[in-house]
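You will see two complexes here that share chain A, one where it goes with chain B and one where it goes with chain C.
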Partner chain A sequence: MIQANHLLDAKGLACPMPIVKTKKAITDIDEGQVLEIQATDKGSKADLAAWASSVGHQYLGTVEEGDVLYHYIRKGSNEPEVEKAFEQTVPLEEIESREGLILDVREAAEYAFGHIKGAKSIPMGELESRLTELDKEQDVYVICRTGKRSDLAAQLLAKNGFTKVYNVLPGMSEWNGNITKEV
Partner chain B sequence: MSNKVAIIAANGGMFDAYKVFNIATAAAASEKEVQIFFTFEGLNLIHKQAMHHLEMPAGKEHFAEGFVKANIPSIPQLVEMAQELGVKFIACQMTMDVMGLTKEDFVDGIEVGGAVTFLEFAKDAAPTLTF
Partner chain C sequence: MTVKKWTAANVARKVINNEELFILDVRNQDAFEDWKAEGHKFEYLNIPYFELLDGVEEILPKLPTDKDVLVVCAKEGSSVMVAEMLSEAGREVAYLEGGMKSWSSYLEPIKVTDLENGGELYQFVRLGKGCLSYMVISEGEAAIIDAVRFTDVFTTFANEKGVTIKHVFDTHLHADHISGGRHIAAATGATYYLPPKDATEVVFDYTPLTDGLNVKIGSSQIDVNALYSPGHTIGSTSFVIDDQFLLTGDILFIDSIGRPDLAGLAEDWVGDLRETLYTRYRELSEDLVVLPAHFMIIDELNEDGTVARRLGDLFKENHGLNIEDEAEFRSTVTDNLPPQPNAYEQIRQVNMGKITPGHDEQTEMEIGPNRCAVR
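Right after this comes the complex of A and B.
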């Protein structure tokens, strides 16, 4: 199952209820967190994708199992774009020619709906407690959606003694190469 | 891009009510500012008693079963939800005068206004819809 921070059960509800319920549910969660919406309304897939893009959230994708649709939406941020601070960067188009580990620090659900083949998933929020899974001798290419979370992740790694760390810019939002899915 | 959706509800059947309130609640949930101008038969949709007994078009009564089966919310539920989401209801003063209705005949929280009240809101709304 795909990991989400919050769950909304909208099964059995007809349009426009899944949207109305989603709007209410997403108000209560933190920016950057992922909401899973379970619905049986077949129209909810197109509706939620359109709704998310119109109000500034990130529609990650939908998994169908039997009659139930499992939708994943990541709450958007209203924060202004911050200056990226980590100096060692690598342009996205060079990523495939590099040797080393691609570390994807997006949420697990974002990773599940599409990542670069071979990339390792450690969501930003879990990185500090999972540092032992990484090798300091290996080049680490940190990637997220737009370069913001990976900037913070790269700083965190550097602070913990990793020297061969690079922030991949801009990030998965501009990736046109092959992707691997886990759904 | 306009952040306003303006709706004119001019008909009083059950199908009309669903068209109006589904679009209105969906728009409000998408963070649009929504106003509905209820005029002529459209006033049924927010009339305290009439909204519970809206009629299906002649010959289409068999759809009642479909509404139940698809678990469609009732019109009074949708009205409440629309108001909760901040949709503003304006009842047409002129129609109310013609039909001998007062503000108390309608659900709480409505405003009464004339055509200009609505036009002022609708002048920069996109889309403006008529049902």
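Right after this comes the complex of A and C.
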């Protein structure tokens, strides 16, 4: 099952209710968190995707199991663009020619709907508690969607004694190569 | 203000009577661009319902107050919500009962002509999907050609006319809509005909529809003659009715011609399509009136709502009948084809009897335009 921060049950509800409920539910969750919406209205897929993009949320994808559609939406960030602080960076197009670990710090659901083959998933929020899973001797290429979370993640790694750390810019939003899915 | 409810039949009257209508379509943009309720004098505004959740004030100036405004969505729910919001804002609007789903299902029977001795020829126009079915009636008997899946429309109509359905034909194995043919035949005891070359995989019994087959309807003996005319499918068969009408199935339309690719064999069938359109049909009388199984755009409808045009006129006006160069013809009907109809492979399976989906599933499969033609 794909990991989400919040769940909304909209099963059995006809249009427009899945979106009316989603709009309400998403106001109560934090920026960057993922909402799972369970629905049975087939039309909810196209409508949720279109609605999310019109209001600045990130539609991640939909999984269909039997009659139920599981939609995943990440609450959009309205924060102003912050200056990236981590100095060691690598352009996205070079990532495939590098040896080392690609560390994907996006939410688990974002990773599930498409990541670079071989990338390891540790969401930003879990990174501090999972540092032991990483090897300080290995080159670590940190990636997220736009380079913002990976910047913070790279800083956190450096603070904890990792020296061979690079922030991959801009991030998955511009990735045109092959992707692997876990859905 | 109260919100009024319109049926698909109300909308059909607006189309056929050439009346004005303003449609506020609240489906998402992709759905609207793909397919909408079309009329000669319809105007549209497409604003998805999910952009109106916080209020309708912003669109009020864009809605006319001097003509009917109909709110339309996929199934009805969102249009009711938006119509009620507009009503609270003081506007008089209606919503479409059952949404585009019901529009896709609605059939309007229109008389094409009277035939000899009290015979009649009806065209059943499925405005929302562009499908055309036919019923020939003559003194107590009826034949149906290319019936869509709403079988009760045809059986009820036959009952009202006091005729017995004796023969049910499909000009070919359809890929864009689900045929009602064999179900009507089963319910009425009529004979169901299908071209054998299209029927190699079907799992039910049928009577072969072969070139030269002749049936006579009613005591006035209206002639229905089969003419093998492959190209859209390898079995595609046309009908000449009463030496006056040419039912072309999906081979020839008013402003386009059939596409040869829906059974996956475009390259193989393009030669057949060429021969049917440029040789077989050329040998027929130019005074035959062409009655196709589809229309693509609303401009193909005549003033009375029928879709019919003299064969000789089509030889002059239809682009697909005027491509002299064979290579150019081949490229026109095999390259750059429009997208295939929604769920066309599944629909073919249903029409072969291999799968039997429920009512709702069938409705979902048929959503969208028919896309059987190339222009």
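Convention: the second predicted complex is superposed on the first by the 183 of 183 C-alpha atoms of A that agree within 3 Å, B and C clash if a C-alpha of one lies under 4 Å from a C-alpha of the other, contacts with A are read in each partner's own complex, and residues count from 1 in each chain.
Assume a contact is a pair of C-beta atoms (placed from the backbone, for glycine too) under 8 Å apart; a residue touches a chain by one contact, two chains touch by 3 or more.
Because the structure is a prediction, the values reported are computed rather than measured.
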Inset, instruction - Put chain B and chain C onto chain A via the superposition and say whether they clash or fit. - result: clash
Inset, instruction - With the two complexes superposed on chain A, say which partner A:51 touches: chain B (first), chain C (second), both, or neither. - result: both
Inset, instruction - Using the superposition on chain A described above, determine whether A:15 touches chain B (first), chain C (second), both, or neither. - result: both
Inset, instruction - Could you tell me if A:68 is touching chain B, chain C, both of them or neither one (first, second, both, neither)? - result: neither
Inset, instruction - Answer with first, second, both or neither: which of chain B and chain C does A:23 touch in the superposed model? - result: both
Legend entry - Part of chain C, among the options 60-68, 114-122, 132-140 or 348-356, whose backbone runs into chain B after overlay: 60-68
Legend entry - Footprint overlap on chain A, where chain B in one structure and chain C in the other make contact: 14-17, 19-20, 23, 47, 51, 54
Legend entry - chain C-touching residues of chain A, taken from the complex the two chains share: 14-17, 19-20, 23, 42-43, 46-47, 50-51, 54
Inset, instruction - Enumerate the contact residues on chain A facing chain B in the complex. - result: 12-17, 19-20, 22-23, 47, 51, 54-55
Legend entry - chain C - residues contacting chain A, complex: 28-31, 48-51, 53, 73-75, 77-78, 81, 364
Legend entry - Of chain B, residues touching chain A in the complex: 22, 25-26, 29-31, 70-73, 81, 85
